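Shared between the two complexes below is chain A, which pairs with chain B and chain C, respectively.
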Partner chain A sequence: MINPVRTLRGMLSGLLLGFAAAAAAEVVVVVSSQNPVEALSRAQLADIYLGRLHRFPNGDPVIPIDQKERSPAHDEFYSEYLGQSPAQVKQHWSKLIFTGRGQPPRSVSDDLAAAETVAGNPNAIGYLDAGLVDDRLRIIAIE
Partner chain B sequence: MGKPFTVCAIALFLHATTAQAQIEDTPNLTFNGFGTVGVVHSDEDRADFGSGVTAPDGAGHTRSLSPEVDSRLGLQLTADLTPRLTGVFQAVAEQRYDDTYQPTVEWANLKFDITPELSIRAGRMILPIFMASEYRKVGYANPWVRPPQEVYRVIPVTNIDGVALSHQTRFDRFTNSLQVTYGGRDAKFVGGEVESRDGVTVANTLHWGATTLFASYSRSRLTAEFFDPLLDAFRPFGPDGRAIADRFAVDDTRFDIMDIGAEYDPGDWFVKGEWMRSRSDSILGDTHGWYLTGGYRFGAVTPYVTLARLHFDSDTSHPGLPLAGLPPPAAAQAAGLNAGLNQFLQSVATAQKSISVGVRWDFARNMALKAQYDHLDLETGSAGILINPQPGFEPGGTANVFSLTVDFVF
Partner chain C sequence: MSSPENPGDGLEAPRTNPAVRHRLSRLLDPPILFSGLTVLFLAVIWTATLNLTAREHEAANRRDAALTVDTANTYEAQVLRALREIDNTLKLVRYRLDQGPATEALDDLRSRELLPPEYLFTVTIVDARRRVVASTHPDTAGDMPVMDYFQLLREDDGMIIGLPRRDPESEEWRLWFSRRIEPAGQQYSGAVAVSVHAGYFVSGYEAEALGERGVLGLVGTDGVFRVRRTGDDVSAGTTTDYDALVPEEAADNETAEVRLNPWDDTRRYTVARKLFDFPLAIVVGLSEAEHHAEVAVIERTYMWRAAGASLLVILVMAVLGRMSWQLHKARNRAMEERVAHAQRVEYLAYHDNLTDLPNRALFSRLLTQGMQQARRYDKRLALLFLDLDRFKAINDSLGHEAGDELLQEVSRRLIASVRESDIVARLGGDEFVILLPEINDGTQAAPVADKILAAVNKPFSLAGQDFRISVSIGVALFPVDGEDEQTLMKHADIAMYHAKEEGKNNFQFYSEELNSDSLERLALESSMRNALENDEFRLFYQSKQDMATGRIIGMEALLRWQHPDLGLIAPMKFIPLAEENGLIVPIGRWVLNTACRQNVAWQEEGFPKLSMAVNLSARQFLDENLLDDVKSALHESGMAPELLELEITESMIMHDMPRTIRLLRELKKMRIRIAIDDFGTGYSSLSTLKEFPLDTIKIDGSFIRDVADSAEDRGLTEAVIAVGKSLSLTVVAEGVESLQQADFLRAHSCDQFQGFYINKPMAAEEFASSVREQLRDKV
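Coming up: the complex of A and B.
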């Protein structure tokens, strides 16, 4: 027999666990393990993702890989590493797009797609949940 | 916005298989759009608050609640033809000088990257005189309902037909963009047209961290036949008459404008300001203006305040033709011309100050709602930025303007 109180309690704790898991999910910045870059400054990372910096510090071209808006990693990445809300990022790009000065980074649908794309291109940089980093990727330190 | 809309046939035909090519496919066609839906009310019912000098009418006299001042739609196609060649086409529908909404071509140009730092553009392109020139019509990109007219109305044209070189350099944390454009454009008004020719504009933007600094200088030759019937009527009055006609004619006459601007935006708040000065040895005269805006972001809600001022620096009256010694019919005609000249001088002498308070609410992804109140304090004898003055309008007063807009991008 179903105990409604227990069911509700179970659902609530499930929800809470879900929130806790979401809060604990750490978004890290990654490159391909073939890429020699080990660290970037916060300003360099911001400039790469806002279309102002097109090369890694060692001179290699950089291709930023974004995640779709509304994906959990997207908002966390922009607020955590760039200190900007999704609306601020959109406002930034709407200043560049409508003169043909630039388009936002190519975006992929989720963490797995980000991992695949970055692993497949030594010039790419991306972000994803730390739990999904495998040996094809390297976490870079953001100082 | 930002969702590449690849033309399937081309993509399939040219689809490359390397990982590199998967990330940067060319050719690629991207479709973007922007727009504003808004209404404006002005409590001055004997003149209109319009979108600028080229607007035929607006809120106040013509309509109590005008959707025409700020509403517009812009559609853009960006074509990455090769990794180094990009084409941009943008059409904008908004209230035109003839009170129609026929779309006009805002940009239509090709850009070629000579090196990663240096590019050349040809076609119809941005005239980069102001800090927000590149997106002055994109409400979503701006904090205000519209860029402060005390600075932006001086140059109502947003584009030129010509060529441009742009150079982008990066040193340490600094990004510098230098643009040099050459070209011209005609701007139509209710009463005529202003032709601009041989316009050279140099604009530089320096950006680091939260700081942006902007400076521009532009020089062009303007011709406005609008003033000719009156000025030509002075010519038969001997050397005095010719001197007056030549003094005020806008006939291949130099027009210079310089602008400097700065913005500081660390994230939670921002402050930005701009100062411009224009010079013309003609009836258009010399002006200078500035604005200062600050805002604070409480999550999705951003209240802001703007102070702005526009000065007219040239004389707003002229003694005109000396009447002494003229036979009575000629004296009467000369007096009429003098009055007409002074009326023109008065009408171009736009001067006012304003304070605006507003709030922007980013209520949905890609959309912002803005409400703004402007209090205009018109300089003595001037209609300020108000247009379409009606009988009984008294220059030099005040006006209160209320605006409500929804801006969107996609």
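Coming up: the complex of A and C.
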């Protein structure tokens, strides 16, 4: 389900990012169409991206794909789905790396690269603009 | 065997014990006991609490120091690892640069994931002129920090740790780590550097361990903090005195001491440790104040608990103390009641419960004390012995309640009549004693006795009647009349009897003669008890003659006592005594029986019908069995009742008139004659006189005695005769001793007379012969 408030907020942030993004980009979470996972909870998604969860609910290993810092999808994803600012995320990983308890997800440079990477790996999970979703990808519901 | 050296031991112990026991029992007094217990409990509670907080404090100190050391150890390991990773990256990049151009090298390494996460780390390659030739961060612009560069030029091989620099874009502090690039056998050709935001090195700051005021930091050996974090506050670039902060060599058993951190003036458990192989030292600190705040909370909790416990103890003790105190009070009250009861019992034992006066026992003690005092100060005492006159008659006629009331009133009057220092006591019955302890000579007792007589003589109002009584008082003086209690009492008693004999209502001082009289009286009294059995009483008879004819018409029986040792005793001497001891009743009965028998005997002998007058005493008249006694006397003797005449005195009939009238009517029914004896000496009113069924009045001899000389007595006698006549009574004159008297009486129509003029009292035989003689004369 798409929450209208969230939609509105997404639109506002799109506006703020620039008039060029007239497509009113909506970031969605995707997996390979070969991946059976249909939905994840918000907490599960956050755990996967903050390095606290390494498997899907069905037991398959999960490989989170991140996007470069300061890319539009990155900031929106973290604020919309994880409710974290880039600084908080950075601080989180900073601590995990420093104390040797984890490594941040691999990051790709843009939505297209993300689409390619996710489509090519059934265990991958990623986020990108909804407009770029094709047959190889499946949007999973975040509850 | 007790040791001879310490013979007192056995005595000493019991002597000290009571004091100790007393002190112990004082300790058990509720106020002291419970206050003491409260203080004790409070002391225990607070000692324990203070001890506990002190221990808590100490434990917290140790814990904080240990925690600081632990944190420092962890932090040291983490920093070392991070630094080595960075150094390895530098070495790896430098190595790869040997095989190709810089950009290619970086891309290759990145694609093989050999570079640290770009998220945090930026790898940059500069040429010999400090220009960036390649970087993992596309936006990295400008040159390498100049300071680092110069340092690089100096250092031959090794990682340069630059001073923290603020990123102009993100405003965050960054640290630069660099190594010079020296391709094999070539000169310096540039450098490879890794920059990371400074916060990375303090991201392990755990608020749970370090709190909000702890410190985590890296300080260079140059004294410049590369980064320092307190709470969420990250800073860099400040300087401090490195030598003062970091010890030269780390001790094995390093402990965290509380030190003042100069950069923010905060006292902390601080550990500063030089890192192996790097020109850096770690600084770890735990705020003392912050950690003490936790302990303070615990301490405060203990204090509150202690305060609560104290309050509870005080409350419980207060309640217990109060209960105990009440118990104590109740016990005391019970004790007081017991004492009061004992006092009451003692009071009752020593006081007469009717009058509240001291009783005989107490008086005896007071008298003994008084005598001791008098002896010591050479003073005199007067002992007054009082006996109410006619009290028995009053008690018998008005009842005991009235008698008791009278005694109470008398005691009040007695107390009112003497001084406060004088002692009034009741010995029992109607006997009182008064002790005058402060007199100098015997005559001082006389006014007191007078005062008492006057006080008792005032009329009483009892049972609705006004009447008077009197008292007889005997006075004995200490020491002249007796030097001990018994003698003094006895002599006062004797003097009192003398006062009775002197006509009552007076007082008498004791004297030696009285004592002998009294001895005689005592002898009489004791022998009187046997006199009836021993048949010592005799009846004498005095004739009564008709005034006109001079004929004997009757006789009066008079009692005499033929005492075996004392001879014939006049009635005056023993009848009062018999009245007092009650023997008068059986004696009176004997008189009645004897008189009746005698009369019958004479009748049988052929005497004319002579009347027989018998005197009744007051006691006899009040005796309940009087009628029966009279009846049985008449019945046993067979005497004609109309010949019997009972003589009673005025005072006897005036007392309890209804009863007297009833009694006299009964006697009249039996046809017995009633005579009033000694008429004129009492104070019977004429109006009441006529209420009584009388037959005869006898004019007292005292009027007759002076009838020849005293016009007054003549007048009285005439009046009495007239009264008798007007009431149709027979008038008899007593004590007629001369012809003149007889003539006077005859002239005034007196009916009969008796007296020495004609006939003195005679024994039965003598009387019989005189009658016979007269009868012969007549014939």
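Methods note: the second predicted complex is superposed on the first by the 121 of 143 C-alpha atoms of A that agree within 3 Å, B and C clash if a C-alpha of one lies under 4 Å from a C-alpha of the other, contacts with A are read in each partner's own complex, and residues count from 1 in each chain.
Convention: a contact is a pair of C-beta atoms (placed from the backbone, for glycine too) under 8 Å apart; a residue touches a chain by one contact, two chains touch by 3 or more.
All of these numbers come straight from a predicted model, not from anything done at the bench.
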Joint occupancy of chain A by chain B and chain C, clash or fit: clash
First, second, both or neither for A:Pro104, with chain B first and chain C second: both
First, second, both or neither for A:Trp93, with chain B first and chain C second: both
Touching partner for A:Glu69 - first (chain B), second (chain C), both, neither: both
Partner chain in contact with A:Gly59 - chain B first, chain C second, else both or neither: neither
Contacts of A:Thr117 with chain B and chain C, given as first, second, both or neither: first
Per-residue contact with chain A, leading partner among chain C and chain B: B
Part of chain C, among the options 74-82, 560-568 or 614-622, whose backbone runs into chain B after overlay: 74-82
On chain A, the residue positions that both chain B and chain C contact, one per complex: 69, 90-91, 93-95, 97-100, 103-104, 106-107
Residue numbers on chain A that touch chain C, as the complex places them: 69, 90-91, 93-95, 97-100, 103-104, 106-107
Residue ranges of chain C touching chain A (in the complex, touch as defined): 78, 81-82, 113, 116-120, 197, 199-201, 203-204
In the complex with chain B, residue positions of chain A that touch it: 43, 47, 52-54, 63, 65, 69-70, 83-88, 90-91, 93-101, 103-104, 106-107, 117, 120-121, 123-124
Interfacial residue positions of chain B with respect to chain A in the complex: 1-2, 4, 19-20, 22-24, 30, 32, 34, 74, 76, 78, 86, 88, 90, 107, 109, 111, 116, 126, 134-135, 137-138, 140-141, 170, 173, 175, 207, 209, 267, 297, 299-300, 362, 365-366, 368, 409
